[in-house]
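Letters A, B, C, D and E name the chains as they come in the text, with residue numbers starting at 1 for each one.
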Amino acid sequence: MALVVLAFDLLLAAALIWLAWQATRAADLFHAVVSFIVFGLLMALAWVRLEAPDVALAEAAIGAGATGALLLSALDRLARRPRRHAPLYEPGTAWGFWLPAGSALLAMLTLAAWNLPAPGLGNEILASLSASGVEHAVTAVLLNFRALDTLLEIGVLLLAAVVIWALGQAPPPLVPSMPSPALPALGRLLFPIFVLVAAYLLWRGSHGPGGAFPAGAVFGAGGILMLLAGARPWIRSSEHGPWRLILSLGMAVLLAAGVAGTLSGQDFFQYPKGTAASFILVLEVAAGLSIALLIFALYLRGKPREHGSWGAAE
Amino acid sequence: MSLGPVGPAILFALPLAAAIVVFVRPRWSVPVALAAGAVQFAVALALLGVVLEQGAWRQSIGGWSAPLGIGWRLDGLAAALLLMTAAVGLAGAVFHASRPPPPAVVPDPRFFWPLWLFLWGGLNALFLAADLFNVYVALEFVSIASVGLIGLAGGAAQAAALRYLLATLLGSTIYLLGVALLYGRYAALDFALLAERVEPGLVPAIAAALMTLGLLLKAAIFPLHFWLPAAHGRALPAVSAVLSAVVIAAAYYLLVRLWFGPLAPLLGTGVATLLGLLGAAAVMWGGLLALLQRHLKMLIAYSTMSQFGYGLLVFPLAAAGAVEQAWTGALVLVLAHGLAKAALFLAAGAIVLRHGGGRLDALGGDQAGVLIAWVAFAIASASLVGLPPSGGFLGKWWLAQAALATGGYLWLAVLMAGTALTSAYLWRALQAALRAGGETAAEAPALSPALGLCALLLALGAAALGLAAPMLARLLDAVPGGPG
Amino acid sequence: MSALEWIGSLLVFAGIPFIFLGTLGLLRFPDVYTRLHALAKSDNVGLGLVCIGLGVQSGSVALLLKLVLIWVLMLIASATAAGLIARTALARGLRPWGT
Amino acid sequence: MTELYPVVALLLLLNIVVGLVRILRGPTAADRMLAAEMFGTSAVVIVLLMAFVTDNPSLVDVALVFALLAALASVTFVSRAWSAMPPSDPDPPCPDVERKP
Amino acid sequence: MYLSLTGVLFVLGLHGLFTARNLLRQLLSLNILTTSVFLLFVVLARLAEPLDDVPHAIVLTGIVITISTTAVALALVGRLAGRTRDDDAITAGDPRGDAE
């Protein structure tokens, strides 16, 4: 059986390398993007093999799902333009350079990596887990031990959305060449399931793989699907509506939790004794909501309209 | 509650909170941003005093100690850079608030404010961080905010922003690979903990090489500087100022932090000389290119690349034994450069507004309205060149002492040649002002005197840094893992 | 081994060949439309059998429901996608094989 | 019988690898997308089998998310990327013709 | 085994980043590069005894950061593509051109 597992790993690695090669070298841009999406899919299998279900979940929701939708949508602007007959790659970067340089780098990295004892922090986590307020170690690390990273991480998401808004208006969506009647039905059918699964993942977070990030991503993906199914983007950039507030809610709440620690005379982000569990629950819900909207906002690639509709006539 | 533990929390949380407020309610932008800036400046100043009084300290986050938890550490170096960030941030904010509204290249120029505050918060987080991965997250935060700010100028600046984004992402990915290797070897991310555990060996050496490479790319050190001039030259003036003065300094700060902290056991003569040579090449090459520029802001942008070369001289000089002088000299130089460079960019911004363009041969003639800006430009230039008693002079003096003490005549020569180049290209810029027959903008906007004043104050700060020599020496002495 | 587990495993093993058939169709059929056909049919049957088989084998009703949900989702996805792709392909003037 | 599941998973992975040929050869964008969809199905089955082999029910959630997002890629593809491509461009009327790079 | 995979993917990503002229390809290469680093973290977690969850959290953070940067880059690519005729031309542009 060990042989079968080894064969599985080898095959997976070979497929990943092949796909990475295709994603960087394929002559056709769409070919490259599909290769990259499949790369993400197989990467999730690799995470599963490496006993990292949390990472697999995030990769499935964010890596393969949301990123795939982003890349495919970006093609709409890029694919329309006529292809220029220029070389796709820089000249002069011949194999003479890359083969030796690549092999040297590879040898160096592998040598270094084999020498790692990888002591890990597993024991430290086990020792502190009971005080963290949650049963699942990854959630404990994200929202308690290293909550500062998570605050900045949600900040990065929010910041990315602000940057994208600052760059200009969202491009109006293209009208499909042949609208299908099945699409709106699909949206109506699936959206409740998206919401349900997102809520389930959020709830799972405290004692198993799940939590705000996959949940938010699934929720956001549901929004993207609704948009594709013909719904109007309901998010508005108007400064009067609630949207800007909800977008920044996750970061604001995390920041408040951090400051609360300082104000009560303790460390930044130190939850009062015994209240860690409820703090983390509130943080998860707020963060999940924000993340969903932020991922949706990232997908729009620009600032949505302030008011009014976004019909095909505009 | 003493200011000690509370100060860092304020510096971390206040700009981010203000950014959120300004994003949600754009009409409050200017007052909120200026108020937050003023408070931060005051807090940073007070923290500097606390550090002078009681020395450096580390504080943990969330009640968890390393290796599991993250911490902040505040020492003289961090406090000085936080204060410099606050000064540049505040001056840039005032400058931007009082400049005439830019032509409509962006749909909503008010997005400047949340991005500005986010960048500020990210920089503060970076200077406080004492954890390798926390540094990575903060670096990405700063990068994205910078990209957004560069992109605000529209047009060609967005292409520059994209190049910058790709370069900086590559840099942080390479850095992260180094972090992964170190984590795998020592199961720690905290600076202090790693400093205890790291010993020379294959894995730490490769990790150090990777992290250094990534940071060199972010600091735009020769030969990895290709992205810098376009990105810094094309952005809005306040943005160019903070990018050149602080964002580059942040990458350099990490480089120094790592090599004099966790990676100190690996700092051999070979590595140090290599880094020093890179710095020397950057000084010369950047200076030459600056000399060839025809556009005021591009000239200043190339000058940034040149000036950070001096910073790298700290490695060979410290490795040769003159730790204290080299360390203090290089860091004073970085601080003085930050203030002077920000002053130069702000002054150039006002001048470009007045003349409707930045080509050097069109800057002459009537200088009404931007006289203060030119004065600021001249004072900042004097500091960059290193005329006494400016901060630039002090830094170069200490570096030269270190070079003499250790017999590093090569580095002394670099200092001299660099100074000559610097004075040559800055003189070209100043000369342009004295020529007759320039252009003024078609509809010359009435410029607020605040524009020039912001630049002047920063320039005076850079010049006065030299007078604070004893205090600076004491402050930077407080850096553990460094000298002593 | 209980009867339930036997039945479950048999269902799983019955489902796998359908997935292989789908790939076979994907590779050997001549154009988009026929490939769509092969994929939609065989994959859904295959996945359905595997899901039900695993659900039965686990003996837990909650898990069985979750597995059935996965199957239903994949059914919806592939049915809509198949319809969409076929319609768009026709609209873009791709001629079906043999016409 | 559960002991045989790793073998099945291996075969399914092999199935995916063989299917990669379709991504390589195209010829139309739709063919590539179809192949990606097929991989989704196989990946779901592999994850489910792993869940049973390692007795880790949280992996079923991973499969669930996969299944949920399977529709997203195809729908994005059809309604965004494909619609935007110039109709004349690739899509040759006769199948299985290698595209010029 | 997976350790070697990290190295191979890293080199592939680097190669793609430096040789591709098209911005979208450079972005894909960069993403592959980042993934290879994440892979190293997860392998480290697996090698540790007992299983170490800190790298998992680190990779989760990293994935979220990656999608943010990807989205920003795509938005920029889209704006530039709308302005210039060819996205290949963007990278080939002269970096030393005059400002404004």
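Some observations on this one:
We adopt the following convention: a residue touches a chain if its C-beta (ideal position, glycine included) is under 8 Å from a C-beta of that chain, and two chains touch if they have at least 3 such contacts.
Since the model is a prediction, treat every value here as computed from it, not as a measurement.
Touching subunit A and subunit D together: C.
Of all chain pairs, the one joined by the greatest number of contacting C-beta pairs is A-E.
The most distant chain from subunit C, with centres taken as the mean of CA atoms, is B. With every chain reduced to the mean of its CA atoms, the largest distance from subunit D is reached by B. Per-chain Cα centroids separate subunit D from subunit E by 23 Å. Chain geometry summary: the mean Cα position of subunit A and that of subunit E are 13 Å apart.
Centre to centre, using the average C-alpha position, subunit C and subunit E are separated by 33 Å.
Among the residues of subunit A, those in touch with two or more other chains are 33, 77, 109, 113, 116, 118-121, 125, 141, 145-146, 149, 153, 156, 159-160, 163, 167-168, 176-177, 183, 186, 190, 193. Shared interface positions of subunit B, i.e. residues touching 2 or more other chains, are given as 68, 133, 137, 140, 144, 147-148, 151, 158, 181, 184, 187. Residue positions 69, 73, 76, 80, 84, 88, 92 of subunit C are each in touch with at least two other chains.
Which chains touch which is summed up as A-B, A-C, A-D, A-E, B-E, C-D.
On the side of subunit D, the complex with subunit A involves touching residues 3, 6-7, 9-10, 13-14, 16-17, 20, 23-24, 26, 29, 32-33, 35-36, 39-40, 43, 46-47, 50, 56, 58-59, 61-62, 64-66, 68-69, 71-73, 75-81, 83-86, 89-90, 99, 101. Per the touch definition, subunit C reaches subunit A in the complex via residues 69, 73, 76, 79-80, 83-84, 87-88, 90-92. Considering their complex, residues 1, 4-5, 7-8, 11-12, 14-15, 18-19, 22, 27-28, 30-31, 33-35, 37-38, 41-42, 44-45, 48-49, 53, 56-57, 60-61, 64-65, 68-69, 72-73, 75-77, 79-80, 82-83, 173-177, 183, 186, 190, 193-194, 197, 200-201, 204, 208-210, 214, 218, 221, 224-225, 228-229 of subunit A touch subunit D. Residue ranges on subunit A touching subunit E, taken from their complex, read 6, 9-10, 13, 16-17, 20-21, 23-25, 29, 32-33, 36, 39, 43, 46-47, 50-52, 54-55, 58-59, 62-63, 66-67, 70-71, 74, 77-78, 81, 84, 86-90, 93, 98, 102, 105-106, 109-110, 113-114, 116, 118-123, 125-126, 137-138, 140-142, 145-146, 149-150, 153-154, 156-157, 159-160, 163-164, 167-168, 171, 213, 291, 295, 298-299, 301-302.
Listed in rising order, the residues of subunit B touching subunit E in the complex are 68, 133, 137, 140, 143-144, 147-148, 151, 156, 158-163, 165-166, 169-170, 173, 176-177, 180-181, 183-184, 187, 226-227, 229-230, 233-234, 294-295, 297-298, 352, 357-359.
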